[in-house]
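Same chain, two partners: chain A is paired with chain B first, then with chain C.
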Partner chain A sequence: MTDTVLTKKQRQKRTRTRNLIIIAVVLALLAILPQVTSDYITYVAVLAIIYAILTGSYDLTTGYTGPLTFCHGAFYGIGAYASALLTLKAGFPFWVAFPLSGIMVFIFAAIIGYPGLRLQGHYFAVTTFFFGHFIYLVILNSVSLTNGPMGLRNIPPPEGFLGITFTSLNSSYYLIFIFGVIAVAFLYFLVNSGIGKILISIRENEELSQAIGVNTALYKVLAFSIGAGIAGLAGSLFAHFFRLLHPTTFAWMTSEMVVIMALVGGLGTLIGPIIGAGIVTLILELMRFAPEFRFIIWSVALIAVLIIEPRGLMGLVRRIQGGKK
Partner chain B sequence: MSAFLEVKNLRKEFGGVVAVDDNTFSVQQGERLGIIGPNGAGKTTTFNMIAGYFKPTAGTIEYEGRKISGLKPHKISQMGIGRTFQIARAFGEMTVYDHVLTGLLAHHLHLRPTAEQHERVEYILELTKLAAFRDNLVKNLTIASQRRIVLATALGTGPKLLLLDELMAGLTFVEIDETLEELRSINEKMGITLIVVEHVMKAIMQLCQRIIVLNYGKIIAQGTPKEVANDKTVIEAYLGEEETYA
Partner chain C sequence: MFLQQLINGIIIGASYALIALGLNLIWSITDIPDFSQGGIYVITAYVAYFAVKLAGFPFVLSLLLAMVVGAAMAFCIERFLYRRFTGHGRIQLLCAIALFFLLSNLAILFWTAKTKIFPSYLPGGLTLFGLMVSYQRIVVLVVALALFVAVYLFIMRTKIGKAIRAASQDREAAEVVGINISTVNSAVFMIGGALSATAAILISPLYSVFPTMGDLPLLKSLVVVILGGFGSVAGVLIGGLGLGIVESLGGVYISAAYQHGFTFFVLILVLLFFPKGLFGRV
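Presenting the complex of A and B:
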């Protein structure tokens, strides 16, 4: 009887300890992963981490602040191409091109978001869908700049420093892993800060949020642009890790994948979309034997998830724990 | 000398429909003003114009000597005008505590809420008798409670003027009495000016020192509750039958 009646503080402490242990275990596993597994699995892990950064940043915009968007893959692509072109054509080192590409995507998203976010709900969602496709078409057709459907090759790897080089698979893996941890930690800090509460208030009821003094237009553009900027950084890492870019990587399918991963994990929970990214990447890889079928199977699986638990995996976890509804 | 809130020739048209028709009135600091009228009389439209949600078709609104008509809602909130909504849709996924805290953060943003902000939330929760629900998710509470939470959140922002839109709809008599007492203490102890739109006649007659009656967007009468209740035009237009209140 006594241990069922825990005070709120004790319960919070227990949950926190348990969460910290889970996070530590996951981080430790990811840290030793390239040492103990094959190169193929390391590649898959890199993809999963990049997708985790994408869905995490997507969750900031759509999960926490509200506006549904379908163009996260486009921001990812702009970041990738911006970073690749800055190194290839302008001769910048990666360490300059990387932050620059993030800043460029941030500014670009702000320019799109400022007029675009005046649209409400579905109208904005549809706009972002076409915007995403527009970016894909621009990348595909600006042959003189992006090499169009031929893609970009020979993108340099990040320059080494202090004796560390990023030419090997393992060292590049660690670079992406560390950035992933930093990005997720930053997002976690943001959504749990005072700003996070303000963003949630916009998602829950924009009118009321304005009534208590929130400049909702500003915060929506800010959340949209920060989410986009982080996606741009992920794109830059992708470009310099795989060292070749092709427009189809950033076609509408990527944006859809991000939305699906976030939905599977549970929007507005941050950790959910990140787990969702891992699971979906894994399933897609496992189903490589049937490339034509995997999206069909996957779509059916998605519909099933949404029927069983619309709040995604995190909703399921909460239901199993029997906690708050 | 200008009044605390000065509304001059305020007009709002939606297409061809005149919702608010050249109304002029003023509110003194510390006053409790009621606005009544049948459905569609323009009460909420007037609120929406004061709070910045609608732009007036014509006319001006001045608050503490500054023109506020045309400003955005968040600017008006930052200037010290709080409001509640007729249909309360509070921030459902937040706890009651966080809901009130968000109002404070909206006015003074801190990445980590300060100790004073936490203290103030505690104080507001005690004052509005919501302390028992502090860890409940807002969406699990009744609509009436959600309206109280919105009121508490507005109070947290430290307003000088509160616009209360049908705060008491759907409450029991006991709850109405409690709310009236609470509103009186908000007005008298905290010095917050109140403008109240309400359909519960008994409540508004007891609470307000002065009442404005709207009908089809026009002010048809104003005065003390007693004067208004005995006004012939009001009785004809609104109360329907001759009755005396208060």
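Presenting the complex of A and C:
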């Protein structure tokens, strides 16, 4: 008995070391990326990092806590527009607008989530779908504020400090890279903390979780709002990096894209959705020549993932490793 | 102006109610909010358009053809996809949404995003209270009401209808007493597909055919299902007409840009105060 426990511990330790090495290698590769590749690949990497933050935050809400939502693209959009408008119209510096946009989306999501998350069954999922479309309509139609279908231009880049400016591609790449690492680390520690365990208990059995004294309503709203807030921050990064915004970027296709990225990687694993974000971004870029096929292939891919392995890549990995849970 | 908008609202509301009736049956029996109906709506509209335009079918025949195609699509989707995932509600929902995107994007791929004008099949109109209402609009209302009565009678009077009612009340118990759930599932999906197709074909001559035509009707009818509550045919009809009227009047008197946003407000308000829908049983 002790033997098996020991080997299990050893095995865990070995996996952990292996994972740490993989993470270190990936981080190192990302760190030298702009030095060794073309500008185009750096752009793609920026997009992948932003999508990784977005999908990782989605995993907090849907993967760890349970409720299926379809409005992550909307939170992303609110964050992007809030941050862009705060700098463009109110004259705030990026360093103020960035956290403010996250906080605004957090509050917004709490307002939606408080009544919404009480709903049973698929009601909430359908409501979020509608909410996502509603936000798109607001962005599209509030022409005086968001410039409507013409989009926003000339969004200022983040202000430099200590002699570093963020006008060049490489320096802003590093800024987004650092934010990405911070966001993922934050999510990692959150889902592995006591709060994370409570969230998982809600996902596994909400009634039981309630029975042992967890305020499930509060934690659900909290997870939903934190996930949304981080999506808002990702939106802000997007706005100030690409410096132009268009409503269609935040139409419901974005929400669907987030869902696909998370599912391809494997919901509820955090690392899975991040890998999924990378893979889907890459496919997206490879398919730039045929945009009309994009959503078709995504949808087919989503159905294929559901049929083959609903737990995504991480589920496949586990299955290959010998059916261990 | 008011009367005109009221009538517009009733007509568009009747089409929402038609889709919602199928969605309601499907949702209450299989627990799937069947987003793929939005895709069936688009594809069948194109089928009818080409039947009229290329093959020269009369309108009624192309409507029937579209209903058959819609029923067949819904049947296949249930039989070959949703049934695989029985017991996994989240996967079914994700699959439904993927199908919706797939079908409407296939329409873009095959027939481009360009709007196609559905030929008018019944010129002229009726003058009501000094207001001209085209026959095509009246047909929407009449057919919708007729189908509501037909579905109601089907559910109340036939053997399959009885099985559907039993399954919607308690799936397991229905299975225990020997009701064939897979027949019930196929039946409700085929009804749903045919109703979505009907709604699409009735509305196409008024608003033309384009790949994203299914988006808003789908969302609106899902809201109607939530408003009307499960298993209530009257609730669906009232919810659909009510939503159509609110949207139509709101678009004129409050803000045209947010016409489609009102539905969201109505939904949030209802869910806040009646979390189980207005006429809800479940």
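Criterion: the second predicted complex is superposed on the first by the 317 of 325 C-alpha atoms of A that agree within 3 Å, B and C clash if a C-alpha of one lies under 4 Å from a C-alpha of the other, contacts with A are read in each partner's own complex, and residues count from 1 in each chain.
Following the convention adopted for this analysis, a residue touches a chain if its C-beta (ideal position, glycine included) is under 8 Å from a C-beta of that chain, and two chains touch if they have at least 3 such contacts.
Everything numeric in this text was worked out from a predicted model, so none of it was measured.
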{"item": "Which of chain B and chain C A:His122 touches, first, second, both or neither", "value": "second"}
{"item": "Contacts of A:Leu137 with chain B and chain C, given as first, second, both or neither", "value": "second"}
{"item": "First, second, both or neither for A:Lys197, with chain B first and chain C second", "value": "first"}
{"item": "Which of chain B and chain C A:Lys9 touches, first, second, both or neither", "value": "neither"}
{"item": "Chain B versus chain C, judged by how many residues of chain A each one touches", "value": "C"}
{"item": "Partner chain in contact with A:Thr216 - chain B first, chain C second, else both or neither", "value": "first"}
{"item": "Partner chain(s) touched by A:Arg288 [first = chain B, second = chain C, both, neither]", "value": "neither"}
{"item": "Common ground on chain A, meaning residues reached by chain C in one complex and by chain B in the other", "value": "none"}
{"item": "Residue ranges of chain A in contact with chain C within the complex", "value": "68, 70, 115-116, 118-123, 125-127, 129-131, 133-134, 137-138, 141, 253, 256, 259, 263, 292-293, 295-296, 298-300, 302-303, 306-307, 310"}
{"item": "Residue ranges of chain A touching chain B (in the complex, touch as defined)", "value": "8, 193-195, 197-198, 200-201, 203-205, 207-216, 268, 324-325"}
{"item": "Residue numbers on chain B that touch chain A, as the complex places them", "value": "51, 53, 72-74, 77-78, 82-83, 85, 89-94, 98, 101-103, 105-107, 109-113, 135, 137, 140, 150, 153-154, 157"}
{"item": "Chain C residues touching chain A - in the complex, by the definition given at the top", "value": "27, 31-33, 81, 84-85, 88-91, 93-95, 97-99, 101-102, 105-106, 108-109, 215, 219, 222-223, 226, 257-258, 260-261, 263-264, 267-268, 271-272, 275"}
